[in-house]
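Two complexes follow with chain A in common, the first pairing it with chain B and the second with chain C.
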Partner chain A sequence: MHDVNASRASKTYPHLTASAVLVNPVGLHARPSVKLTQCAKGFAARIELALAPEGPWTDAKSPVKVMRVKAPQGATLHFRVSGSDGEAALAAMLALVHDGFGEA
Partner chain B sequence: MPEIHLIGRAASPGLAIGPVTMLTAAVARRTASEDPAQEAAALRAAIAGAAADIAELIKTVQGEVADILEFQVAMLEDDALADAAYQVISAGIAADHAWRLALDAEIAGYRSAEDEYFRARAADIIDIRDRVLAHLSGVETVARISGGSIVAADEITPSAFLAADWTRGGAIALAGGSPSSHVAMLARARGAPMVVGLGPLSWNGQPPALALVDGDAGTVIFDPEPETRRRFELRVAAANAALAAAAAGSLAPACTADGRPIAVLLNIAAPEDVAGLDPAICDGIGLVRTEFLFEASHGLPDEDTQYAIYRRILEWARGKPVTIRTLDAGGDKPIAGLTVDGESNPFLGLRGIRLSLARPEVFRVQLRALARAASRSRSAATRPPIHA
Partner chain C sequence: MSNSGNVGIVIVSHSAKIAEGAADMVRQMVGNAVPLAWTGGDPEGGLGTNVAGILEAIELAWSPAGVAILVDLGGAETNSEMAVEMLPEERRARVVVCNAPVVEGAVIAATESSGGSPLSAVQRSAEEFYA
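On to the complex of A and B.
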């Protein structure tokens, strides 16, 4: 059901993409993953992340899937967002990464 | 039986001696129903129960430990963790078996990670797996560790660590494990020595009764000879005496052998650095860095925000001298909206005092906040960062 809504949203709203470098010491580990997914869940938009601009894309609202990405420090995190609050969602994701998830 | 020397990696410092407790995985038996719908419901209830347990445990802890447990709750609440389990349940597999299959695949994924930090997360997933299995079978599978004992195991989960009493000594000796694991973080915080990566713990016949753990060198000796034990006990006594002497001496004035006094000044980067410290251990603060106030997420702080923080530090110092350095931005410490991007030699570029003078509107606010804070203290000084 979720997927039906998400694909409808992606038809209505364009994909927004942006990237940021992971600066916090151990990459996208347990605490940052929890923070990122909690933040992502606060938006209606579909939010995905990847280690390369062409994907594969991972649901940024799932801590299990985000941890499977095992993004190390120094990796470039690409975001792909679509939805009514897509711009705000993308800005919030980038701010979290730039800020080192508050643990720099 | 001859003593067994094992060499591993130090994960938490300190020396410990004690009886050995072998941790072995408790195997719980459960009678499965034949109905996939019932099995799926049982798994759902067990996952919810496990998450509720951990949420309850979070209330009793803080800081790092709470973060570790919140991670486990977030994983349990994510349907993606159990997706594979529900799939095989619908194909007729029992809930406990399905859950174990799914989580073991997840654990294998972490174990194969290149990055040590991610490999170390395997212990967290094992913890999650076992807690849900315990709920499925209705028995307690979190191993109980008696206080003061040396825990020998392949790995140890955060739950097992947290269930033990570490105030009475004790240590951890692991065949596997990692200094980056959550348990290693917990062990360092609780002062429990820990050695990891000892390799297979196999005994011919009886498991060992006693162990000596050296969390500084990363070595463990099982069933030591009396002479080995005696020498280790001497080292433990010497280490304890050194700790006691350091604690007693921390309040005494520092001076050289010929009696010349030496000022001991702290160097801090944020007010939290002195939280929990007695100002009597030092002669003041030699350097307070103020860059933390200007981190990107907070923007440029206003005068009152800065004043409140400077006051807090001065109040902590109780009249001892405090030197606060004005903002040292630029070079390796760029600050958005303030420093200049793309300088050819940023380390000698527009930074430190030069930047402050070039951007007086920021500098002035900091100086005003410092002057206000210092006017209520006998002993505050300010110095600018000069890079030449």
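On to the complex of A and C.
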């Protein structure tokens, strides 16, 4: 049911994008991946991330896919968000990265 | 408890240490938002799994949203399937044995569950490791 809403939302809402540099020492390893997906799941918006502004894009709500990105420290994480709560979702993602997922 | 609505996670390993350690990882990485139980070893303290222990773990982690079981090798899977068979009929359809690695699968399943996802999504997410 969530997927249906997300795809409907993406037709109505524009994509919002922003990026942030990974500051925590181990990058986007297991624990930060879990935190990121948990946070992403709290929003209705479709949230994707990538290591480059042109993608490839990864579903930020999938813990397995996020871990497979294997983003190292110093990498720039790009976010692409669309949905009714897209702005709040984007802000929450950026805040997580900026404070090193609470472990920096 | 506030977490009782989320899908429960059961960890079944031949080794009690592995099962307990995997449960520790779930608690530390995902938090307390999911019902969680583990079982491992035979009643004498050696390696193995047993149906009674698995049934107990399912009971501990029970949630109206269902329970996802993560297993390691052979007997863990067959004993888990046997335990599911022995559940009351109304519970049987709400328990799945995931085809996923036990440690990683448990963390991912719990992550999915902590977001309030239904049992099918929890299973799908854990099984993405072999996809």
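Quick notes on this structure:
Note that in this section the second predicted complex is superposed on the first by the 99 of 104 C-alpha atoms of A that agree within 3 Å, B and C clash if a C-alpha of one lies under 4 Å from a C-alpha of the other, contacts with A are read in each partner's own complex, and residues count from 1 in each chain.
We take it that contacts are C-beta pairs under 8 Å (C-beta built on N, C-alpha and C of every residue); 3 or more make two chains touch, one makes a residue touch a chain.
This one's a predicted model, so the numbers in the text were calculated from it and none came from an experiment.
Contact with both chain B and chain C is seen for A:P63 once the two complexes are overlaid on the shared chain.
A simple residue count on chain A separates chain B from chain C, and the partner touching more is B. Of the two partner chains placed around the shared chain by superposition, chain B is the only one that A:V26 touches, whereas chain C remains out of contact. Shared-chain residue A:A52: touches no atom of chain B or chain C. In the superposition on chain A, A:T37 contacts both chain B and chain C.
Chain A uses residues 30-31, 34, 37-38, 62-65 to touch chain B in one structure and chain C in the other.
Residue ranges of chain B in contact with chain A, taken from their complex: 67-68, 70-71, 74-75, 78, 80-81, 106, 109, 113-115, 117-118, 121, 124, 180, 182, 295-297.
Here chain C touches chain A in the complex through residues 29-30, 107-108, 111-112, 114-117, 125, 128-129, going by the rule given at the top.
For chain A in complex with chain C, the residues that touch the partner chain are 30-31, 34, 37-38, 41-42, 61-65. For chain A in complex with chain B, the touching residues are 26-27, 29-31, 33-34, 37-38, 59, 62-65, 67-68, 70, 72, 95, 98-99, 102, 104.
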